[in-house]
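Two complexes come next, and they have one chain in common, subunit A, joined by subunit B in the first and subunit C in the second.
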Partner chain A sequence: MNKKDLLLILVILFVCIIMFLLFSNKSSDYAYVYYENKVIKKIDLNIDNEYTVSGYNGDVVIEVLNNKIRVKEEKSNNNICSNMGFVSSSLEPIICLPNKIVIKIVEDYKIDTVIR
Partner chain B sequence: MDTRKIVRLSMLLSLSIVLSLIEGMIPIFSNVIPGVKLGLANIVIVFVLYLYSFKEAIYVSIARVLLVGLLRTGLFSIVFFFSLSGALLSIIFMYLFKKMNFSIIGVSVIGSICHSIGQVLMAILFLNNINVIYYLPYLLLLSIPTGIIVGISSKEVLKHYNKVKA
Partner chain C sequence: MKKIIVLFILLLITGCSNKDYNQFNMFFMDTYINIKIYDLKFEDKDKVYNEIYDIYSVYDALCDRYTDYIGVNNVYYLNNVLEDGQSVVIDDRLAEVIAYGLDAYYLTSGKVNIAMGNVLDLWKKYRDSGEGIPSEEEFKNLKSISIFDIILNDNVYTKYNNVKLDLGSYAKGYVTELVADKLEEMGYYSYLINSGGNVKVGNHYSDDKYKIGIENPNEDYLVYKIVSANNTSVVTSGGYKRYYIYDDVKYHHIIDPVTLYPSNFSLGVSVITENSAYADILSTYLFLLPIEEGIYFVNSNDLVEALWYGIDDKVYLSEGYDKYE
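Up next, the complex of A and B:
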């Protein structure tokens, strides 16, 4: 183990920390609201607000709070999507089948072109 | 290639296959972050790289990936291509860093890091999903201690091998 190795390990640690920082503050996220597979609303997750869209069974109230999104009120038998609570991950779409509403978070990648 | 060398390389190859299979049975980090391994088989690759040369190390490495793929995950599955790209990238960079007068620990650290990078690159290509890159810093961070462990082990193995040979 000489100085070069230590330097190498330090450089890798530094790159790791930069990657952690880079990946942790994802900004400018949007959520798309689909009704019957068509986008009916684009919601900015950085603004806390309430939105109302019309679903199959009536109005669906969507709430944005602290970059997270949830379905606040909707009419259905089991209320699965409103019981799901707040969601902030793009891998976890909110799906409300009785209302034919899907809410998907889409992240904006700034590093997209580096790899490809 | 004389017979003695062929026999030695094939014994080392079988050793690395056994080490690969054994470390698959030790779930150290894999319940926290899937895909993390100790990389014990890399001890053999580093050993071959120092004992012989780049050519022999790349033979053993590719043969290991093929045979372990056959035994564990099935040949030409997605996981097979992940480990193939990781192994190739790591052997190339280990050779380059050995040329640049890094010690055996630095060489094995760069080897284990290139394993992670190669696998993530292949995963991005295969799954066509850039999200996999969020996985890379965790893998890199864990690659450093495993690389150091592999480096120290290979150093000891080389020391004892030279003692036995003399």
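Up next, the complex of A and C:
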């Protein structure tokens, strides 16, 4: 193996890593916001933003930051869900019982199309 | 070094590019239609678009029940202009669509009935106003919904007792099938056609299967099942898209020809079979049958599978559904 071969391998590795970084961080996760079991909002976790939805006790402010989601503000006695902090796993839903709001992260399967 | 640059570019092109497809959107037959064609040659693009557009626009006009097209003996003409007991020559293409519907009547023991126009109009009147339901009186005075009042002799159409045609239960599937045939005729075998509740896919664009998500009737955006398949049609019938609520009861648009009321056996049923028109007919049929009877029907038919979303929020699958998991 001469120097050129080594260089070639390095270049390919480099390209792969760049590509991996470019395409893999484009995760396609969404969070669904439910009010009494009805989906009221679909939130793209790739976009940092704040959203306000109506809960049972009033406005619930949801924040998305770095692919994670949390309830920033809500009105309740114990503030359990706003104290829960950021969540990024589909196994860990945010549940605001007093406000009847549930936030679940759903991995977007590779779907070609949807039938309504 | 040159070699490396070439390799670098090749790698970029082959490894990282998304599968190339062209996408056409059209609005016909009251539906937004999305067509993806994979590896469509640039020079074919216009030709393919025009061919598809022509098919949809011709059949849209022929099957239209609400609009008069001058010089076209379409469904509107047959229902509202043609006099009782009179005959008229119709376009061969429309004659074929009607003939398909007449066959469907026997295939579905009378559940899919293209002569239902009069009762559908009655319900539509109430659905549009959102208030009330048809009275006994109105049902009694209803004009014919008998398929035997429609006589089709090749391309000569005759009607009796003011019967009204409605091809809505399968026209979309019928035309989807024609579009798919056209694409294959032009050498394009990898495609995906989605017109609302109606999906048809060809060969896969790589070595895989199309993933067709079926939406939960109770929740927008949420997919409750994914059908993995190639060269097949998936068609959903359900009462959750077009309905109105009166006295706390939901009344949707799929009417049982026997009871003359909307059926309520399931919230939705999806049929998987190769032919899109057939899938369309069967999805309406199964929606009008109790789930157990529907499962029995599908299980005795090798070329058809189906899944139901029950009123109890349970999902019911036909015996051979496994192959689409």
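Please note the rule applied: the second predicted complex is superposed on the first by the 82 of 116 C-alpha atoms of A that agree within 3 Å, B and C clash if a C-alpha of one lies under 4 Å from a C-alpha of the other, contacts with A are read in each partner's own complex, and residues count from 1 in each chain.
As a working rule, a contact is a pair of C-beta atoms (placed from the backbone, for glycine too) under 8 Å apart; a residue touches a chain by one contact, two chains touch by 3 or more.
The structure presented is a predicted model; accordingly, all values stated were derived computationally and were not measured.
Of the two partner chains placed around the shared chain by superposition, subunit C is the only one that A:Val39 touches, whereas subunit B remains out of contact.
In the superposition on chain A, A:Leu8 makes contact with both subunit B and subunit C. Touching of subunit A by both subunit B and subunit C, each in its own complex, is seen for residues 8, 12, 15, 19, 23, 109, 111-112, 115.
On the subunit C side of its complex with subunit A, the touching residues are 3-4, 7-8, 11-12, 15-16, 34, 192, 194, 196-199, 201, 210-215, 218-223, 226, 234-236, 241, 270. Remark: subunit A residues 7-8, 11-12, 15, 19, 23, 32, 38-39, 42, 109-116 touch subunit C in the complex.
Chain contact summary for the complex, subunit A toward subunit B: residues 1-2, 4-5, 8-9, 12-13, 15-16, 19-20, 23, 90-91, 109, 111-112, 115.
Remark: subunit B residues 97, 100-103, 105-106, 109-110, 113, 121, 124, 130-131, 133-134, 136-137, 140-141, 143-144, 148 touch subunit A in the complex.
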